[in-house]
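The data blocks that follow each hold one structure.
Each of the next two complexes has chain A plus one more chain, namely chain B in the first and chain C in the second.
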Partner chain A sequence: MSTAATEKNGKAPDAAPSKPEEAGAPAGQPATPNPGASRQQTLTYGIVGEPLEQVTRRVPLDEPPPLADNAALKVIGKPLPRLDAVQKVTGAARYTFDVKIPGMLYARRVTSAVAHARIVSIDTAEAEKYPGVRAVHVLDRLLLQAQVRDPNAEPASRYPTVRYLGQPLAAVAADTQRAADAAALLVKVTYEPLPHVTTLDGAMNDGSPADFPGPTEQPGTAGGGGAPPGLPQHGNVRGPDTGRMFGLPRGDVARGLADAAVVVEAEYRTQVQTHVPMETHGLVADWREDGLTIYASTQFTTSVRDEAAEMFDLPKSRVRVISDFTGGGFGAKYGIGNFGLLAINLSRKARAPVRLMLDRREEHVSVGNRPSSLQRLKIGAAADGRLTAIALEAYGSGGVAAGAGVGFAHAMMYPCPNVSAIQFDVFTNAGPCAAFRAPGQVQGIFALEQSLDEVAGRLGLDPIALRDIIDSSGSDDSRARRVQRRIGAEKSGWRTRRPPNADTGPIKRGLGMAQSHWLSVIYPPSSCEVRITGDGSVEAFSASQDIGTGTRTVLAQVVAEELGLEAGDIGAHIGDTRYPIGPPSGGSRVTGSLTPAARNAAYRAARDLAARLATALGVPQDDVVFEEGHAGVRGNAATWLPFKEAVKKAGITELSHRAERREDYDGYLMETPEFSVGKHGIGGVQFAEVLVDTETGAVKVQHIVAVHDCGRPINPMLTESQIYGGVIQGLSYALYEERHLDPTSGLQLNANIDQYKIVGAREVPVIDVHVIEQLTAQTSTDARGVAEPANVATAAAVANAFYNATGKRIRTLPLTPANVLDALRA
Partner chain B sequence: MGPSELTVELFVNGRMMSVRLDPAMTLAEVLRDHLGLTGTKIGCDRGACSACTVWLDGDVVASCMTLALDARSRNITTIEGLAHGETLHPVQQAFVDHDAMQCGFCTPGMVMSCAALVDRKPGCTLDDVKAAVSGHLCRCGAYPNIFKATLAAAGAARTRDTSRGDGR
Partner chain C sequence: MNTFEWVDATSVEQAADLLAARSANGAVVAKAGGIDLLDLMKEGIVRPGRIVNLKSIGGLDGIALGPEGGLTLGALVTLARIESAAEIRGRFPALAAAAAHASTPQVRNVATIGGNLLQRPRCWYFRSQLFHRDGANAGDAISDGENQYHAIFDNRETAMVHASTPATALVAYGAEVQLTAAGGQRRTVPLTDFLLPPDIKRDRDTVLAPGEVLTHVVVPAPAPNTRAAYHKQTERDSYDWPICDVAVVLQMDGETVAAASIVAGWVAPTPRRAVESERVLVGKPLTEELARAAAAAAVAGATPLSKNGYKVALMEAVVRRTIMAAASK
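== the complex of A and B ==
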């Protein structure tokens, strides 16, 4: 092990490892994380700027020494422009939408014109005759939605049953987009209509038309969603899911409520939100004899490869997925989707590459949404504020897909001995839900954090003081939140906050706060290859992709730090399944999963290079360090060489090392086949200042303070961007966004960008972001994600500010004038 | 004219281009599909998101709402034509420096509108910037940095003007 580089390289000076040891868990004990050679390592733990502790963890022997805090580092923790920024501002960045390959055909889908029907026939003859048409494909199966448990529950048909208006049925590929669009209109579909229901309340009625003819199943995917298997289903209502995954139910809720000094009971409703990525879903499929290449607008290249391989019975080695840039996703861009089934089949039939990008209406309707919710929440608290019971009953509709739960905040956010959370999926004849930035948690925390605000009011406690009492687990989360509340209170002017409804005029101002929580989600297989070429080039490879978070940049920063280079010196190659497997851009997973693997790989490459250089220089290899673009022996200027010269001196042609994301040093809270969950999460505290016009019902958000944690921030400027985005999406959800379906037809009335209202430039308030640096002593970078928690607390903070302004609770989203005036009249 | 294809000349980024097109084609389609200028994006195809913004004679337009035929004899500037060789337009550079983007799909359109504003009005205010991009949608929520970047570029433009002694 090298320690020579420690201080000047910015590694903690007390990082000297003790003697190696072998792992081995006694029988019957939980498995030790990271079996294999290890060392006992002293690491710094805590929040930079607050008192820090030293902790000892068992660290894999081949991992690098711990990093110092960011102030002592050269590249990590610096607000560098993203490496692909110039490509993005010059139009050179190539999205899937922009891919054009020789002979490429253009496709358009045929979608259902009714909300619920059996299909009698689909006649493609006219479409096939249309000039320029090269192939037509009719779907015989559907992805993304729940499947009936008993395959004999419906009459056999070669066509899947239509369960929502806009469901894909077929697609046409033609020489031009115009020809494909025109031909798609010529496909004749004969329906045998069935009764439909599009509203949550309607679908819950006993006499409601049933979306499915019997109980359903929907396994989770890498993108989240899905539902536990085997749950009962009555009509459209599937469940309850009692939260076993999160250790619920817990204790005795009736007793906890009986013991409470105050019980707050309320019903909350949240709307359906659609993702609206600027680049719609789609892909270019290129089926050839020797394999399938897919250019995908995706959050997870590997999920596209794996689903294509499974659906088309191809070995994964014969499927290559490329994603240079993805124009947003927010949870909905996983797998090949039904558009992928269509495009790949069309490419196979036409023997040509096929581009199938959805139009804006199709995007709104058929590829995901955040489910609605109806939440009945009871919270009991003792006179000193401690929670005695949380009882939740929640219903939500993700249309034809399961996964409408409202998260795990009730189980995890605050210690409480008695908790039950029963959650139901309610099927409606509407497009399938998909994971959407903090799935469930946004809805759940909107209700939970408002009810806690009410508990504080009933007990005569300041909302921050209540959290100081109840947010007491001692986890990284609770330590972070305590500091965040203090910082946020200062920055938001909390001290001058007035009692509710203090303004006497029609326009009322208020200040509110809410907390955010998300899991530290890890994709354990995440790997990275670092390659050094004889001319001094350094490259890093990962199949992971960029949806706008800055994957290339954080990857390069971590590798550069280890080799004493600048981020721009590193070729960061991502978005190709031929590279080592990388994490999905979802669940706030990339930075926490990829950067430890990247640092481990860079460290191995650096030590390998050091060994060869040491031989060439005739010095011990541990004496060789890499700093500020140079390599050599500390204190011996004669040996100091520019990095490129040093690589030449080492005499290598190419040197390559691959490393993996090791388990958190402390192990995991939970491990599933798709992801692992750290023992500590991520989150933040947000403060909102709002103006409410009590005559018109208009709400204006003036100011947001967002204080967050993400372990060690790798690039504070990109972290801040993520938080801006989370806050703005949260505001947009709180104030405006809502999918409107016409109940008579099932047609989405606002499937566009002008009538589906989203926060724009004029509605963006002043947003102050503050990110703490929390050293968690869990991995070689200590980095965690930030995207979801930035989005979780905003609606609740706005609603609590609304109460402070008006003295009335608003429990229905969004805060449209109609909902606001209803709340004010209550 | 039409409905059959015809050949037109378009003056794009300082070069005259001859294009054979269907008269119903929008400028966005022709730029992207015929001229390979895919920096211009289409986000809604109905003039609501402004991802397709280009300049006609220096004025911003939604190219998805402009027929290519109507762009004849106009000076068309796309995102690919904004930089001078390797030197980025000051607004492009400011977008880089201030991270005024996330996924980047709306970025070319945003840059075109903000660059038009700064070129026309170096003394622009935050309200001017908000007005200039009020028709643009950035779903990632990069707005705060778009504002910062544009105002920074405008500030630099004012400084340059002042130092040249021709400040407005």
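== the complex of A and C ==
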């Protein structure tokens, strides 16, 4: 099953769920999951601490036995500090930014100084003469943005048309960064300016300057991207995408609205957020006669390899990608990017390794953002709360790239017989959007969960009571949220929540909640090799990388559990495409994709070792177990050996087993060439307590309770860490972050971390994280992801708390004093 | 950032001479803490040929209280020292608070009061090299563009605002600056006259002449029964530039306001004395109602731009609260 998916394994991993039709044909139901020899297996299903069920599922014959719940395990489920923590805090960890190899050159890009223009000429002569310059390369194509469908719609040119200020045009490689920076300024670009538009509303006007001279397509590459093909486009407005992949439209929305006891209708606006990872985008490209080596700050090593191979017409066997550590990415670090095209070309020309790391300004402007949105949402509900209709019309701008949808919660989260969601991309002369931690879903749920709060108010229902009625799909995430609402209500003091606008003074306190939803995304080719060496060393290998979540640690824990060792005993090797293919760090996918493969590989290695040991010891192989650093037959002192002794006794030189991620035991909801989606999602519920100063418009979030699920938490400490990060990022989006473009020039005015505002230490509230343990009975580890849902509900919870505080809705993000005072005046 | 020469000055006079001279490589600029200069150089807005380091001059980092109770600050005194000095916290609480709320602890440990007063606007148009090019018109771009943090008063010539927040408190206290020119001539200038409306075409936003060095900031002794407060209203608490900041210095006669100095920063091109508010207050017993009336008077003449109307209501609240905070001290 995995070979088919391997063919295009890099494509569109993270953004795809927000761009449903990208997958082409509607999702088909697979026949039997995991065809081949099988057995019926009884498994425990449910949420630990709640009543559990026993279910029987068909599993592959050689599947490891089910794991007990975490309390009964030794390494899995334990809050273990990450194995590379010391390396990280001492600075010993080698990020791509830190890579230095002999003879390495430094590069700087040349970017456009105007927002929209045809390029008449690019004169590199002065730059080439600058002391220390070794190569100059001018781009002749652009990745990760829309392209004109009909190439004849534009006059032919050797240069791509400039469509935003800051678009990469060329790059210079030199002996020093200083020389590269200075020489880049000497490249002379002559523009033939075209009119531009930077605002969503402006771009939607009939008379607006057109970003593109005709309809567009956004082809995907091995590095990702891609938009649903063939959609209509009028001026800058492309669409609609009608949500076919998620079964939309559904029912009769007009009838559903007519049948409703209450209809809530509102318009929401969300801003453009940029990714701002600690480590900017970049790579070191080392082009040699015998192959290309790339050190990449990436969330998917394989996508870098595959896109480099595709763009430079190299066999994948001659491209190696190494990523020891990645300093964040949040969805925007797939493939080689335009900076990669430049660096690889420069390395080829200069015959030397070339380092091209973006500076902070370039990072903000040119390598991704969360698109804006304008959402018109109508929700109808019966008197008892049941939803009768959801109707969404959404516009968003991802600048020169498509992908500005607002997610799929409308289709999937709450059962509703009548749903339509039409979504449009609006092109503007601004940098391209990219997948960003729960693409679309963050914007969509900001609106959906506020409108549901309003439905509850109109029906005289408590917001939690309404969700208890409507969050009824019976999926694992729906079941989890029911428990999470109860836990969150207790921890947040929901019982003492007051009616809206209860404070008489200017500073008002409020409490609100909102729910999160994300898909359980799986990367089917994910594989792991476990190797045991004759001296008792154990190593695990995966090409997957660590974006900061602790991939090495989780991998080591799963392998250690199977072999009765400690996580620190395992050499966990990741971030190299020479290892077995691993999942992308995107779509909340790594732990759910990698750990079943890792456990199965470790199980096979353990059973292989057990068989050899049994022969050497003269005992039945089924009696051989691996526990507490020992192997042998428990209770039989003569055979109970320390692990290393046991390996020696077994007489192996090296033993190696590999396993792939099997399908979920119940199969998938949908499968695409790039990823599969489980039948059950992941989610969470968040509660926010806010203080609103109604005179200054200042909003202070004091307390967040975040209750989440991720199947079985493999490492609760790392899981909680991701949830803290998600809440903080969600809060930052809710309160501060916003890209500001000057409309006259198209320049991003706050392309720094001074005026692009992100929460600081004093804005981080008390955050109570609670993770439930949900046994999914779908894989050998029950693990699912958590990164994205942690970030989805925060802005909506804050906005609902704002309403509880003030009695006014705030439907525009972020909650700056300007927007808050506007909302309070309404 | 460009390549430049570096000279460590050893005296004010020598620094003044160095700054009056020319360099073949480009402008000669002074550096104290270097916080703003480094930012400007990284953005390519200042490309010095020679940097004159003032931190190597001895004796410019003193904090002195005069016999009458006046305060003299050497230009190299850091914001961190102003924030923590007992003599300033006790006698000039609005100044100590303004210093304490500037920037971050790391920056305050390095930034000097002289450099703080001389820093260029934090306007994001000013800070973009694009608007420093020939033919660029930052003023028009601001009018048509992202002006949410710009001036709501006196904004016809320029809507950029001075960045210094200690200046707001210093103007309220009636501070002056002492300047020394090449050749050693000295002059003293009231801070209100020293600060000029920002101009992107000039290389400074003060009356400091080429070759002049700001050596001291002098704050007169407050009258008896003076009470003062300062508030900087930001979006974030951790580190942020203000939406507006307000310093209030009241001389009380019992419950009655005998004299008032109310100054708002970041609402006009230079710190703006709210004389309308002061008139409302003086001679009357200070009450919440009176503070409310004074705050309303402070914003009555506001002329907000397309995106900064919210600053009017916000400033009104901050003026009222800061008056009441001063009264309660």
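The working rule: the second predicted complex is superposed on the first by the 788 of 826 C-alpha atoms of A that agree within 3 Å, B and C clash if a C-alpha of one lies under 4 Å from a C-alpha of the other, contacts with A are read in each partner's own complex, and residues count from 1 in each chain.
In the analysis below, a contact is a pair of C-beta atoms (placed from the backbone, for glycine too) under 8 Å apart; a residue touches a chain by one contact, two chains touch by 3 or more.
Predicted model, so just to flag it, every value in this text is computed and none were measured.
Of the two partner chains, chain B is the only one that A:547 touches; chain C does not reach it. Shared-chain residue A:727: touches chain B; no touch with chain C. More chain A residues lie in contact with B than with the other chain of the pair chain B and chain C.
Look at A:761: by the touch rule set out above, it reaches both chain B and chain C. After overlaying the two complexes on the shared chain, residue contacts for A:258 are found with neither chain B nor chain C. Judged by the touch definition given at the top, the superposed model places A:95 against chain B, while chain C stays out of reach. Look at A:52: by the touch rule set out above, it reaches neither chain B nor chain C.
Look at A:698: by the touch rule set out above, it reaches chain C but stays clear of chain B. In the superposed model, A:245 lies in contact with neither chain B nor chain C. Contacts of A:750 after superposition on the shared chain: chain C is touched, whereas chain B is not. When both complexes are aligned on chain A by C-alpha atoms, chain A residues 178, 759-762 touch chain B in the first and chain C in the second.
Residue ranges of chain A in contact with chain B, taken from their complex: 81-82, 84-95, 97-98, 100, 177-178, 276-279, 325-328, 330, 359-360, 547-549, 717-718, 720-722, 724-729, 752-754, 758-762, 764, 767. On the side of chain C, the complex with chain A involves touching residues 3, 122, 124-125, 127-128, 130, 140-141, 144-146, 148, 233, 235-241, 243, 307-308, 310, 313-314, 317-318.
Considering their complex, residues 22, 24, 29, 32-33, 36-46, 48-49, 51, 78-80, 82-83, 88, 92, 95-97, 99, 101-108, 111, 129-131, 133-134, 136-147 of chain B touch chain A. Listed in rising order, the residues of chain A touching chain C in the complex are 113, 178, 506, 695-698, 735-736, 740-745, 747, 749-750, 755, 757, 759-763, 816-818, 821-822.
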